[in-house]
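Starting off with a structure, shown below.
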C-alpha cells in the first residue's frame, strides 16, 4: 500500500471563542441582517419625512428629549456591564464577575424597557394616526422587542452560570450573547438620533 | 483514484470507515429523517423540493399559456388567472430559484472545500424546515382557492385592505417573510462554512469558482432580503393594524413599497443566476479539460455583479415619474452591470478556444446558456435606457426579456449542473442521448415560447392581462408562444424520464466520470456520509489535476468517535481549531414550527404573534441548552488524552505479542 | 342607418376600427409604428440598438463557434496562448462592450432629452387634460383654468388636436394604473397621492388605442382607451359640442328611457349634464352616443353590445363596479334609445 | 354458412338504417337553407352587432354571455322567441326586427342589414 503524508491536527485546540468559532460568525450574520432591517426602517423614516409637508405632522409636538436621552445613557451603561461580564469569564475565568456584570446589564435592560413604556404611554399619537406615527411606533416596538429578547437570552446565560457551565475556555456562549447585546445598544444610537433629533434639526 | 493511506497515523483508528459511518450517520426511520442534520441529505431535500415546485410553477405557466393561446379565451377566468400568474411568479422566484440554488450550494460547497459538513448543521436543517413550511402554506392557500392574487410584486395600494380583502395577500406576506427567513438562514450557514471550513491550503484565491458564486450569492441574500421582509411587514401592519406606510391619504406613499421591493428585487435576479454562472464555470472547465481562463477576472466579475446589482433598482420604476436626472444615472448603472458578465462570457470563450471540449449534455446546456442569456442580456441593456423602457415596460417584451435571463441564467445552468453532478449525487450516469434530446427540446422551446413575446410587446400587449380582443392581432404569436411553452415542457419531461431510468438502472458512474478538477471528484459517488475518509488538503485551484495529487497530504488527528471537523483561518485556510458539530436532533424541526407559529398564525389572528414569539424563545433556549449539543468527553487540548490512549494501545499490543 | 354596416365586406375591419381606433393595418397598438414625435424618437433609438444587438449577437456566436471548431480540429494539441486569451477577454469582454454601451448611453440620454423637452420650451402652449385612473376606466377632464366654465368631463376617449403638445395630468383615485398609447409615447403611471405628467403630440389625425399597463386588479385586461386626434379646427368644434349638454329627449320612447335611467339609480354613479344624474364614480355619459366603445374599450358602442352590457355587466367584465339592473324588455329598449340619443 | 348469412343481413339492415338517416339530411338542410346567406361571414357580423354580449354562441370569440338563451344547437330549436317556428325566413325577420315579432322583448332592434341577417341566420343553422 502506498503511503502519503499526513497533516496531523490533533494539537489544535478544540474549544475556541470569538471569531475563531463558527457560532460567532453565525451571530455576526444575524447582526448584519438586523442592521439591514434597521437600515431599512431608518431609510423609510427619512423617505416619509422628505415627502411630508410637516414633520411631525401638523398638530403633533416635537418629541420630548429628556427621558429618551437618560434612557439612552442607561442602555449604553448596560453595554459596559456586558463587557465586564465577558472579560471576567473569558480572560480571568471569574464566574462571580460574570454574574455581577450580567445581572447589572439585565437590570439596566429592564430599566430601559420600563422607561420606554412610560415614555410611549404619554405620546398622543398612535401607529394608525399618520405615517409619522406608523414609522416611529414601528421603530420603537421593533427595537424594544430586541432589547426584550436580548434580556431574556442573557437571563438564560445567567441561569447557566449557576450550573457551572462557563469557564475561561468555554466562554463562546457569553461572547456571542455579548456581541448581540452590544449590537442592540449600538443600533439604538442611530434610531435615537433619527427619532428624537432629526425633527428638531431639520423640521 | 486509488486511495493512499496516510504515512503517519497518530491515532491508531484514523480513517476508520466503520467508525466514521457510525459517528456521522443518522438514526434510521422516520424519526431519523426528522432529525437529519447532514448537509448532503438536507441539500438533496432542498433540491428535490425546489424541483417539484419548479414543475408545479411550470404547470401553472402552461395553464397561463393555454389561457392566452387564443383571444377571448375562457379557460381561466380573470380571478383565477390573477392567482395563477401570482403563483407562477412567486413560486419560481421564492420557492424554486433561490432555494434550489441554496440547496445545490449546501450539497456541494462542503464537498468542494473538503469539509465533512456545514459549519452550523442545525441551522442548516432549520432553514430547510422553514422553507418547507412556507411552501406548504402557500400551496395550501392555493388549493383552498385563496392564493395571493396581486402579483409576486404585490404593489400597494392594490394590495392594501381597502382594495383587496382576500386573505391571499396576507398569505403572500406571511409566506414571503418565512421564505426570506429560510433563505437568510441558509445564506449565513453557507458563508460561515465557506469562511471557516475550507481544507487546509484552500486560501480564498484557490476556492472553486462555484464556491465563490455561492459566497457572493449568500452575501447578496444577507443584504437584500431583509429589505423585503421589512417592507412586507409594513404592508402587513397596514392591513392588520391600520398603519399608513403606503396610504397616500395618511401621508404614506405607494412608491415607498416599490423602492424597497426593487432594492431587494433587482439583486434577487442576480441572486438567482450567480450560482448558475458558477456552475457553468465548473462545467466548462471540466468538459474542456482546462482551468477556466482568467480565474481572477471571473471572480472579480462575480463580486462586481453582486455589488453593482444593489444600484439598479430604479430601472424598474422609470414609468413612475421620478426625476429625469436620477433615472439617467440608473441607466448608466444598468449598462455598467453588463460589463462584468461580458468579461465572464469572454473568459469562457477563451477557455473553450483553448480547451479540448467534450460535447456532453452538460456542456450543451452550458453553451445553450451562453446563447440564451446573451439575448436576455442584450434586451436587458435596451431596457436600461429610459425612453425605450417607457415603451416596453410592463409589456410582453419584458416578459420575454426576463424569461430569457432566467431560463438562460438559472434553468439552463441548473440543468448543466444536474447533468454534471448527477453521477456524483446518485452514483449513476444519465443517458446522454435522452439528455441531448431534452436539451434540444428545451432550447427550441425557449425560443419558440419567448421570442414571439418580444414582438407582442412591440404590438402593445401589456403583461398580466387575462385575455385580449381578437382585433388586437396578438392571436397567432400567442398561439406560437403556447406551442413553445409545451415544447419546453416536453424537454423537461424527457429529463424526468432520463432521471427515472438512471435511478433504476443507470450505469455506475465511478468516483470521477468526467475527470474533474475539484475535490468532490476524489471521493466515491455517492460520497460516504462523512464525505472524506481523510479531510484533504490542497495547494492549487485544480487539486485533482495536480501531477502529485496522489501524494498530497491529508488531515489526520481528528477524533472520529465524535463529529469533529477541522476549522481553518478565513483568508489562508491554515488549520485553526477542531470544531465539534452537533449530531441528529429534533431541535431544528421544533424551532421551525415555533418560527412558523407567529408568521403563519397571524393569518388567523394577531394574538398568535406573542404566543409564537414565546414558543420561539423556548425553542431557541432548548437549542442552546447544554445537552442539546454533544459534550466533549475530554477537555480542550486533547493531545495528552490521545497520547495516553496511544500508549495504552501500544501496551495492549505488546501484551498480546508477549502472550 | 348605422355606418358600421355600410361597407359589408369590411365588417371585421369595421369592428376592429371600433375597438381599435382607425389605425387598422398598422398594428392596433404598435410601438414601432409611431404617430407622434416621441414614439418616433424612441423607435429610432430602438432600431439603432437593434442593429447593434444583432451585430453583438452574431459576432459573439461567430467567435464562440470558431473557437469550438478550432478546438475540435486541434484536439489534444489545443492550447490557447495566454496573450490570445488576454486579448479576447480585454477586447471582447471590456473594450468593445464599453464602446457599444457608451454609444447606447449617449443616444439614450439624447433621446430622453428630446422627448422630455416637448411642450416645455418655445412653441404652442400645451393643451392640459386631467386623466384620473379608476378601476377599470379612465376619467378625462379637459382643463381651461382661465375659463372654468369651459371645462368638462368625459371618459375613456381623449380627443386632441394634431400638431399641438398635449399635457396629461395623471392621477389615480384607487390603485396604480399606467397610461400607455404605444403609437404616441411611452407609459407613465397614475399613482394615488401624486400627479404625474405626460406630454405628447400627435402629428396625424386618427384614432390610437391604448390600455392600462400596470396591473390594477381583476379587469386590468379590459381597461383600454382611445386617443382621437383631430385637425385643430375640428377639435375646437368638438370642444364646443362637448360643452353643450345633450338636447332633452322629445319622443316618448326616449323620455321613457330617461325615466328608466333616473328611476333605476343609474345617476347615483353616472352623470349626464343637464339632468339630475350627477354621480362621479362612473363614466360621465353626457355625450355617450358619440363614444366609440363601452366598458373602457371592451366592446364597440353598438346597440346590441350596450344592451348586453346593461343587462349583465358582470358577465362581460367580471369584477367591474357596475351592478346589473333588472329591467323589463321595453324598459331596456327605451333606455338604449335614450342613451344612444346622447350625442 | 348460416351464421355468415345472418351476419350479412344484420350488416345490410344497419347500412339501410344509416342510409335512411342520411337520406333525411337534404330535407333538413333544405329546411335550414337561408337563401343568399353565407354562414362563414356570420360570426364576424355577430361580433360587430354585439350578439355575443347577450348570447353564448359557439364559434364566436368572446360570445359567452347568458343574458339571452345560449345558441348552441340552434338548428334543433323548434321555436324562435318561444313564438314563431324556427324557419329561415322567420329567423331572418326576427334578427332584423325582434320588436316587430315580439313587442317588448328584451332583444333590441340592432339595425342589422338584410345581408348580415341572412349571414347570421345561415351561421346559426350550422350550430347542431
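In this document, chain identifiers A, B, C and D correspond to the written order of the chains, with residue numbering beginning at 1 in each.
Operating definition for what follows: a contact is a pair of C-beta atoms (placed from the backbone, for glycine too) under 8 Å apart; a residue touches a chain by one contact, two chains touch by 3 or more.
Source: prediction; values computed, not measured.
On a Cα centroid basis, the chain most remote from chain B in this structure is D. Here the chain at the heart of the shown protein, by mean C-alpha position, is B.
The distance from the centre of chain A to the centre of chain C, with each centre set as the mean of the Cα atoms, comes to 53 Å. Computed from the mean C-alpha positions, the centre of chain B lies at a distance of 41 Å from the centre of chain C. Averaged C-alpha coordinates give centres for chain A and chain D that are 79 Å from one another. If each chain is reduced to the centroid of its CA atoms, chain A and chain B end up 31 Å from each other. Annotation for chain D: residues touching 2 or more other chains are 47, 64.
Among all residues of chain C, those that touch two or more other chains are 12, 15.
In chain B, the positions touching at least two other chains are 253, 469. Taken pair by pair, the chains that touch are A-B, B-C, B-D, C-D.
Chain B makes touch with chain A in their complex at residues 2, 4-11, 14, 119-120, 123, 184, 187-189, 191-192, 195-197, 200, 222-223, 225-227, 229-231, 234, 237, 241-245, 247, 250-253, 256, 259-260, 534, 537, 550-558, 564, 566-567, 575-580, 613, 617, 620-621, 624-626, 632, 634-639, 642. The touching residues of chain B, when paired with chain C in their complex, are 77-79, 82, 150-151, 155, 157-158, 163-164, 248-249, 253-255, 288, 293-294, 297, 319-321, 324, 328, 331-332, 335-336, 338-339, 342-347, 349-350, 352-357, 367, 370-371, 374-375, 378-379, 381-382, 384-395, 457-469, 471-473.
For chain A in complex with chain B, the touching residues are 1-16, 20-23, 25-26, 29-30, 32-34, 36-37, 40-41, 44, 47-48, 51-52, 57, 127-128, 130-135, 137-138, 145, 149, 152-153, 156, 160, 163, 165, 169, 173.
Taken in their complex, chain B has these residues touching chain D: 70-72, 74, 469-470. Contacts from chain D toward chain C in the complex involve residues 41, 44-45, 47-54, 64-67, 99, 103-113, 115-116.
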